[in-house]
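Here subunit A shows up in two complexes: once beside subunit B, once beside subunit C.
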Partner chain A sequence: MNKPTVAVIFGSRSAEHDVSIVTALASVIKPLELSKQYNVVPVYIAKDGRWFSDPKLKDIQLFSSGAIDEFMRKSKPVALEFGKGLKLIQSGGMRNRSTTIDIVFPATHGTYGEDGTLMGVLEMANVPFVGCDVAASAIAMDKVLSKQQAIANNILTPKFVYFTRHDFARQNGSLLNKIEKDLQYPLFVKPAHLGSSIGITRVMNRNELENAIEVALHYDSKALVEEGVSNLIEVTQPIIGNDNPQLAHLEQPLTQAEDFFDFDTKYMKGGKKGKGGAKTDSRGAQGYSKIPADLPTDLYEKAQSIAVEVYRAVGCSGIARIDMLIDSKSGQVYFNEINPMPGSLYSHNWNKAGVSNINLVTRLVELAIEKHAEKQKIATTFSTNYLKQF
Partner chain B sequence: MNAKKIVVDGLLTNYVQAGAGRTILLLHGWGDSAAGLQDLQKKLSESYEVIAVDLPGFGSTQTPGSIWKLNDYAQFVSSFLGKLDINPYAILGHSNGGAIAIHGVSSGLLYAEKLVLLASAGIRDEHKGRKNILRVVAKGAKALTAPLPRNMQDKIKRKAYQAIGSDLFVAEHLQETFKNIVTADVRKDAANVVVPTLLIYGDADTATPVRYGKIFEAAMPYSHLEVVKGAGHFVHIDQKDAVYASIQRFLQ
Partner chain C sequence: MRLLGFFMPKMPVSLVYMLQSVEYDPWGFVSWLKELPNLRRIMYRRTLHFTKKAKALVLFTYTIWSALLLVAVLLAVVDNYVFAAAIVLLSPLVCVIALFIAVLIARVFITGPREKKLIAASEKKFAVHPAIKIAVAGSYGKTTMKELLATVLAEGKQVAATPGNLNVPISHARWLNRLEGNEEVLIIEYGEGAPGDVARFAHTTHPNIGVITGLAPAHLDRYPSLHAAGDDIFSLADYLGDSNTYVNGDSVAAQDFIKSEQNVYTEKGIGDWNIQDVQVGYEGIKFVMQRGDDILELHSELLGRHQIGPLAAVASIALKVGLTRDQVEAGIAKTKPFEHRLQPRPLNGAWILDDTYNGNIDGIRAGLALLKELPANRKVYVTPGLVDQGVETGPVHREMGRLIAAANPDQVVLMQNSAASLIRAGLEEAGYQGGVLVEADPLQFYTNLEHFVAAGDLVLMQNDWTDNYR
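Here is the complex of A and B:
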């Protein structure tokens, strides 16, 4: 029997384009190939949105050396056909070459991928794919929507105010007044949709607040301002599964309350929630976090059960990672944000929980197939007499 | 040392803030970024608040949407300071950062009590003859390489410019702006700079030779030129301690 073909899609028009390359190549493609169960087809979406597929794209050197630019100049992008399953069409001299994709493993981070847009294409193609569906991805990638979803399910989350670029341009002064009235410094200003701490600023006064909002709205058309949590312990919970979520260890990134890690610290130097860090730097996520988190048992379990509540409330499937903030004095656990495609799959944590990289990716592919099979049971077409009346 | 972001005149701007006390603003040269001045910043931050900004198109600051002139850079620095509500005690500029500082202070866009100019650029017609010859050569080369594929042409062009030591390809995305900058002469501006100014040039600098320092010293009524032995254009890196000691003395 032929091995099923798995397409791993990565890159895309996102601030986290480069992080996605590392996730795809190191944490998805390599273990999938080592499992010997699949044909693995890399699909790279360039920063300009063109899609490429070629075995050469499995080599990190192509990207790290900058040879990718030359590759793209010489190669033809692939076209997609998704009327009846997903096919990649490579136009050739005499005739086109088409590759049928059995399962898709999206390994994109941020916009035009992790945010549900890519899942929309895959759902149209009716192809099984790893991870959250359109709705869960879109909610997860919008910090405002995911917080609102948490609140609707009685899950605590830090107090916040949100607004659009338009709101801010129109009522700058009164909006700042409202924020200062409703919330207490220190505050965190965040773009609504970006991951990886991009555009997030911690502010202590009105002038900083105003400048930080401008920065956040430079990255996004929607932003939120959120209260900080005192006596802070940050934790994050990787989860896989569909209807029966399976948990890795609760992980505690090692940061101080005053400390704030930006993109460079987090990724370039392999900092705490290092997406690429876990793979590219031995001091990566492991070096900057405690696995399992050093918490009293009841608090540890409370955080884990809240993570599962969030996973369910947002409607996640396949994989996600839930970030939470704990006030160590009051013992309150606040939902912070949810990441539907954790960088490098958070495999360092799964490894410690006894799940190897190969087991992790093959399990995720199985979950994708299960979810897809489940979905096929739902009737989507009906015979009606509706048209007869015209 | 703390990297921060702010939006200045619509451009997402990166700057690094360190230390406390009276504020010194650092302006880097063409093709460089705030990171190029970080050792100096670290040292100075022991006694001052030191802010090093990535100028538009360099480091992590956005590239301007249009072609800029030297005055646009000075205007940008002015807006940046306004936004942070900072009146700097001193402005320190290296190379093109020096030219921006001279133009900015002279035109009233920028104000500081003291100026430090490291290997400052801004004297632009010294190589006129040489430039004209190069222009002719470049035109000829363009005709010769015309039949070659585009990327080969670019490669040859890049090599040729590297060979003659031009900065045109240092920041390829700013080529047109670069042409404006290298032709902006600030000698006349220098005469309007009436704040105490320390000029530091390396005796082995070929990009902005000591001769430039002498021209500025003659033009600026309250300036003083120091020539550092054994230092090239990156005088603050080549002779760290000597340059730092001079600056520290001057600022006290």
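Here is the complex of A and C:
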């Protein structure tokens, strides 16, 4: 029996391009291949938007050594063909080579991928894919929209003000006044669409605020400023599943009050020097987190319950990670943000919850197939006499 | 395609690697070559260890090969292309023959006589050495028993033991030459490999006490049968007398050779000593040895119920050679798992039990009993099968399959080799319902184990399948 072909798509025009490569190669392709259940086809979207597919793209050395530039110079990009599913077309020689894709595993982070754009392509191709659909991805990747969605579902979230680059350019002073009037320092300034904590700044005064907004708007056309939470405990909850979400452990990044769970802490070897109680482990979040979070049982369960509410409110499926902020004195749990494709799938947490890397990726593929099968039951066309009148 | 490997530049290195892997046994080298190995992949799991001997042989082979190729070039220059091509094509064969002859000559005329002389001298030194000499023989468990004895007896005596798995007369002789002479106990491991070996070792080393750790199919390529191997191993009891011989009574195949006059140790006890209150866990084993009012409370970090018998034997021998009860308890508490012998290591919150040095059916039985006994969310059993089983290969691997089925792990991982189908047959006979995965590339599996396991898993990896087996 032929094994189904899974295309793992990664890279893309995103500030998190490099993180995506690591997620795809180490946390998706490797365990998928080891499962021996699938043919695995890597699909790399370069920073300039060209798509490439070649077995060589499974090797991290190609990227870490910089040989990827030479590879792209010599290789022809692939084209996509829709119709009966998705096909990758590689032109060459006398005739084109076509690869039929049965399932897609998007391993992209940030823009032009995780934000729903890629999911739109995949839904057009009517191919099963892992993770959230277009709408959920778009909402999840827009911090403003996801907060509004939470508020609409009576889920607490820190007070915030949002604006576009255009708004800020037009009404700089009055916008800063409004922020200072509505919110209290310390404040967090964030680009609306970026993940991995890129462009996020903690500010204590108006001067820092103005600079931080400029940084955030350098990365994004929309930004938000939100109030910090007192007596802060940050937690994050990885979830997989469609209609019946399955939870890993609630995880507690070991950051301090004046700090936050930023890009360095999450991904860079050694993390932030001297901060966050960093020990000897250098595996990003895994080395700087408590798993499970050290919380009283009722607060732990409350946070997990809110994470599931958010997952459902946003309409997530497949996989996501919900970040929350807890005021340890009041016991209030605030929704912070949602990440529809957690870096490295947060496999370190799933491992501790008893799910191996192989079981995690194969389960995600199964969930994609289930979701797709369910969707096929929905009628998307129907016959009318409408055109006959013309 | 395989022949192409004989023409690659590192062919001489690969050939010497093969020789090194079979301990420079010229006949072992020939029997491996008969299988026409793929030289391009032969050093996949390990590489050549460049000892002086290996370097000399590599240089020797390159010299011969270069000379042949030079002759071929000269013939080509004078337009004798047919002979030139013939020399090029036959050059690897000539290298193989030259290596074989070189190793054979060295063995017969140089190393052989030199070793005989050393061994003869060692016999006289062993005879006059004042230490109590404990010989350890058996198809398996010898190194573990030797290390246990050394650890425990060192609590009260000056002890020396043969290092690593250097367990043949020439290694015994070289080791003896390095000793100070003031040792109170010598522990000597016997690595039997052919009929008559153990009796010969005993006459050379003059032991006072002997431990027979078990009998199982091993080295059956050189012993005509398991019974012949048993005869050889139990010749130690003939030399020492039954009262000075300790025998593992839990060894299934040894039952025909065991006599009641011998000191038979099992997980139930040894002699008048009874074993009680056994606790088995990831942290080790605890048990009580009792003889009337005498009580020893023992704790070891060794894993598995099957270790109780050997530990009881060690405690008994320790008391016999004069250690106090406190010294015995303290010594047993210092015993830990040895490398690759049911050695636990954590990975992603799972426990990996590395038993890859195990190479016999009794060890399989013991490991699987432990797998069954320890608590875990998911249990995985990994094996490439057993090597050196000779005529017992089929029955032993089917028995393995049945034993695995009885332990009922959630997942069995086999390696794609000649043993896999035999183990599968045993699994099917016993109605095993769990998952079976056959891995084509063992190395890839071992190095990617982190992807297979999660917290709460227990993975038992047994046996090793080196490059010279298929």
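The rule is short, and it goes like this: the second predicted complex is superposed on the first by the 370 of 390 C-alpha atoms of A that agree within 3 Å, B and C clash if a C-alpha of one lies under 4 Å from a C-alpha of the other, contacts with A are read in each partner's own complex, and residues count from 1 in each chain.
The definition used in the following text is that a residue touches a chain if its C-beta (ideal position, glycine included) is under 8 Å from a C-beta of that chain, and two chains touch if they have at least 3 such contacts.
All figures in this text were calculated on a predicted structure; none of them were measured in a lab.
Student: Would you mind checking whether subunit B and subunit C clash or fit side by side on subunit A after the superposition?
Tutor: Superposition result for subunit B and subunit C: fit.
Student: Counting only touches as set out at the top, which of subunit B and subunit C does A:207 meet: first, second, both, neither?
Tutor: After superposition on chain A, A:207 lies in contact with subunit B alone.
Student: Which partner chains sit in contact with A:218 here, subunit B, subunit C, both or neither? Use first/second/both/neither.
Tutor: first
Student: Quick check for you: in the superposed arrangement, does A:358 touch first (subunit B), second (subunit C), both or neither?
Tutor: Touch partner of A:358: subunit C, not subunit B.
Student: Thinking of the overlay built on chain A, is A:308 touched by subunit B (first), by subunit C (second), by both, or by neither?
Tutor: Neither partner.
Student: Is A:199 touching the first partner subunit B, the second partner subunit C, both, or neither of them?
Tutor: The first partner, subunit B, only.
Student: With the two complexes superposed on chain A, say which partner A:34 touches: subunit B (first), subunit C (second), both, or neither.
Tutor: Once the two structures are laid over each other on A, A:34 reaches subunit C alone.
Student: Now for A:73: first (subunit B), second (subunit C), both, or neither, which partner does it touch?
Tutor: In the superposition, A:73 contacts subunit B only.
Student: Using the superposition on chain A described above, determine whether A:350 touches subunit B (first), subunit C (second), both, or neither.
Tutor: Second partner only.
Student: Is A:232 in contact with subunit B, with subunit C, with both, or with neither (first, second, both, neither)?
Tutor: neither
Student: Calculate the angle at subunit A, using C-alpha centres, between the directions toward subunit B and subunit C; round to the nearest 10 degrees.
Tutor: 90
Student: Minimum Cα separation, subunit B versus subunit C, post-superposition (Å)?
Tutor: 30
Student: Using the superposition described at the top, list the residues of subunit A that contact subunit B and also contact subunit C.
Tutor: none
Student: Which residues of subunit A touch subunit B once you look at their complex with the stated criterion?
Tutor: It is residues 73, 199, 201, 207, 211, 214-215, 218-219, 262, 264 of subunit A that touch subunit B.
Student: Could you list, by residue number, the parts of subunit C that touch subunit A in their complex?
Tutor: 348-349, 377-378, 437, 444-445, 448, 450-457
Student: State the interface residues of subunit B toward subunit A in the complex, per the touch definition above.
Tutor: For subunit B paired with subunit A, touching residues are 3-7, 12, 83, 85, 151.
Student: Taking the complex as given, what residues does subunit A use to touch subunit C?
Tutor: Answer in residue numbers: 30-31, 34, 36, 350-359.
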